[in-house]
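Note that the chains take the letters A, B, C and D in the order they are written out, and that residue 1 is the start of every chain.
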Amino acid sequence: MPLEDAFPPVRLAADDLACERGGRPIFHGLSFSLAGGEMLAVVGPNGAGKSSLLRVVAGLLSPSEGRVDLDTDGERETAMHLLAYGDGLRNVFTVKENLRLWSRLYGGAADDDAMHEALEEVGLGHAMHLAARALSTGQRRRAGLARLILSPRPIWLLDEPTSGLDKDGEAILGRMMAEHLASGGAILVATHLQLPVAPTHRLELQ
Amino acid sequence: MSHLPYIVAAYGATALVIGALIVWVSADTRAQKRRLQELEKAGPRRQARGTAA
Amino acid sequence: MGVVSSLANPTRFLSWSSRLLPIVSVLAALTLAVGVYWSLFVAPPDYQQGDSVRIMFIHVPAAYLAMFCYVVMAAAALGTLVWRHPLADVSARAAAPIGAAFTFLALFTGSVWGKPMWGAWWVWDARLTSVLVLFIMYLGLIALWRAFDDPSRGAKVAAILILVGFINIPVIKFSVDWWNTLHQPASIVRMDGPTIDPSMLWPLLVMIAGYTLTFIALHLAAMRAEIYRRRARTTEMLIAARPASTAVRPTEAAATGAPPHTAH
Amino acid sequence: MSAFAALIVQTVAASIRAGGGALTGLLFFLTVVSVIPFGVGPDLNLLARIGPAVLWIGVLLSMLLGLDRLFGQDREDGGLELVIVSGESMPLFVLARACGYWLAHGLPIVLAAPVLGLILNLSPLALGAVTLTLLAGSPALAMIGAVGGALTAGLARGGMLAAILVLPLSVPVLIFGVAAVNGAIADPDPFLAPFLIMCAFTLFSAVLAPIAGAAALRLGLD
């Protein structure tokens, strides 16, 4: 695993966030702050609003109250990665074609060697030329992890990253998360399962 | 009064459509109000600060 | 913006609109009564069209309302997108069916009025054709609103379609007018003729006032219905769903979850 | 290759590959145009007169077919969210999708139009005029279609709804497109004026569509 150069200092903070969907309040009065090298785990039962929180932080959902602050050296817009249920793999394309498009969009390496290496690291080296349709759910999640490797970004937003991964996949995820934290990246993860890496902070949603 | 049938048709249709609008709006208001009362009876736990629009 | 935002509260809107609605309705009914009597029995017949010109008194106000209503919806669309006014989508959604109904009336009365003159129920006159396109746009909007189950999501997307449509209306009008001159059959009699002499202008203005008051009354009533519909929907969701999540004090370290909130 | 170009290539590739719909659009165009004479009758003079309009309306309808897949796929597989998080400008994303849609769903049909014009007994001059106006006008249909696709992304049967929303907005392009062709054929009528106005619409929609489409996609997610 090439030693990634460390990320510039980064800080992600939320101030008195509240979120409402279709008139139904999801969560409110929620604040946190997260610096480089730290991981915040958002835990809680289903429907507690964990995913909504991640989508608000990712800018996909506008909060009804409060705001999300992100100060980083680079541009605000290209600071985050989102790994969620929708893995963005188009079945009609091969794994390589899918990854190449995401690398172009996320400003990562798009040459064959880099892609092969990233896929090797998540145990999908053999699947590079397979059509995405042929992949199992677990393999699709691993392809998502490869996307994160190919375009290094300081902040990872992970929504139930362990779901669909087998033991081996979880180990890969754990290694990647530890590596990301070590190089100064921050992680906001929503999960109700055990995480391969212990979080620095925990935030519980009822 | 020349062209009487045309005038009657035009004014009649206008009265019909505006009348239909009035009936539809008032019926709709009553129906939603009734539904709101039924729901409120069933679930008193509505939030104190009034619901969002 | 103080006044507008203070009116923004749905509860306050319901209270002042319940007082205003009867007044506007009575005013509208009176104005229409006067206007219709004036149009049918007092105004002089046209030397060319005879009494069929009286249809103009209900055709022109309907066509004007069709356009006026779309302008109201465009303002509401800005309210939804720019000022995030809570009642903006309620107003736009309530106005659309009324606008569609008056656009239909404009088309119907226009073709009935045209029959004696042109001998055909429908003639591709420039104005009638533009109103027809406007009618399709109204129906498209209503279909788009109904396609969303959650009203708050449909609101913003519909607002965009309203504004895109609004920008295109002059373009469509210009194209249809130009298209109409291209295929100009010689015998078309212009709809509104030369300048209207006062004996016809006054009843027309009264009718336009009556139609506008009718629109305001219908629009207020439809907005009230929409607010009740949304309240019923929100109450239904609240009963079905669990109470709102609150962020409790985290178990360890520095994340400052807000202190436990009761559902305020 | 920039992200913009990559998105265009992706859109074209997705439309051309199996189940992509580009071929279906072309076959629909062939079918619609060849059905018309069965209704209107084999009178060659009549066909020659209404030929340009038939081809133009055929193109307009055929380009509406693939609209629900334009952004619907992105909504379903989470691709749209990834594009937003990537920081790529959304209007550029919509513009790329619209260009890809035109290349896959518009261009093949426009190139097939003159061939079909033969069975409608169009003169070579008319064939040339139709092709030229379609080349200049069909991008506008793709742009307006992209707005329709963005407005109805994620909706059940969004494609049909998109067609209803798009048709009124494409009336001007249709009017000036067919008028330009008739202008080229019949001498008294002008050709350049309507043609240039249609090109103006294409440019106008190429600016309006990405902005409106991006807003529709982002707010539709909210």
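Criterion: a residue touches a chain if its C-beta (ideal position, glycine included) is under 8 Å from a C-beta of that chain, and two chains touch if they have at least 3 such contacts.
Everything numeric in this text was worked out from a predicted model, so none of it was measured.
Distance between Cα centroids is largest for the pairing of chain A with B.
Contact counts per chain pair peak at B-C. One simple way to say how far apart two chains are is to compare their mean CA positions; for chain A and chain B this gives 49 Å. If you average the CA atoms of chain B and of chain D, the two centres end up 40 Å from each other. One finds 30 Å separating the Cα centroids of chain C and chain D. Averaged Cα coordinates give chain A a centre that lies 45 Å from the centre of chain C.
Counting only residues that touch two or more partner chains, chain C has 153, 230, 234, 238, 263.
Counting partners per residue, chain B has 47, 51-52 as the residues that reach two or more other chains. Touching of two or more other chains is recorded for residues 222 of chain D.
Per the touch definition, chain D reaches chain A in the complex via residues 1-3, 6-7, 10, 13-14, 17-20, 73, 76-79, 81-88, 221-222.
Listing the residues of chain C that touch chain B in their complex gives 10-11, 36, 40, 45, 49-52, 54-55, 58-59, 62, 86-87, 90, 97-98, 101-102, 104-105, 108-109, 112-113, 115-116, 214, 218, 221-222, 224-225, 227-232, 234-236, 238-239, 243, 263-264. Residues 16, 21-34, 40, 44, 47-49, 200-206 of chain A are the ones touching chain C in the complex.
Residue ranges on chain C touching chain D, taken from their complex, read 81, 133, 136-137, 139-140, 143-144, 147-148, 153, 156-157, 160-161, 163-165, 167-168, 171-172, 174-176, 178-179, 182. On the side of chain C, the complex with chain A involves touching residues 150-153, 230, 233-234, 237-238, 241-242, 244-248, 250-259, 261, 263.
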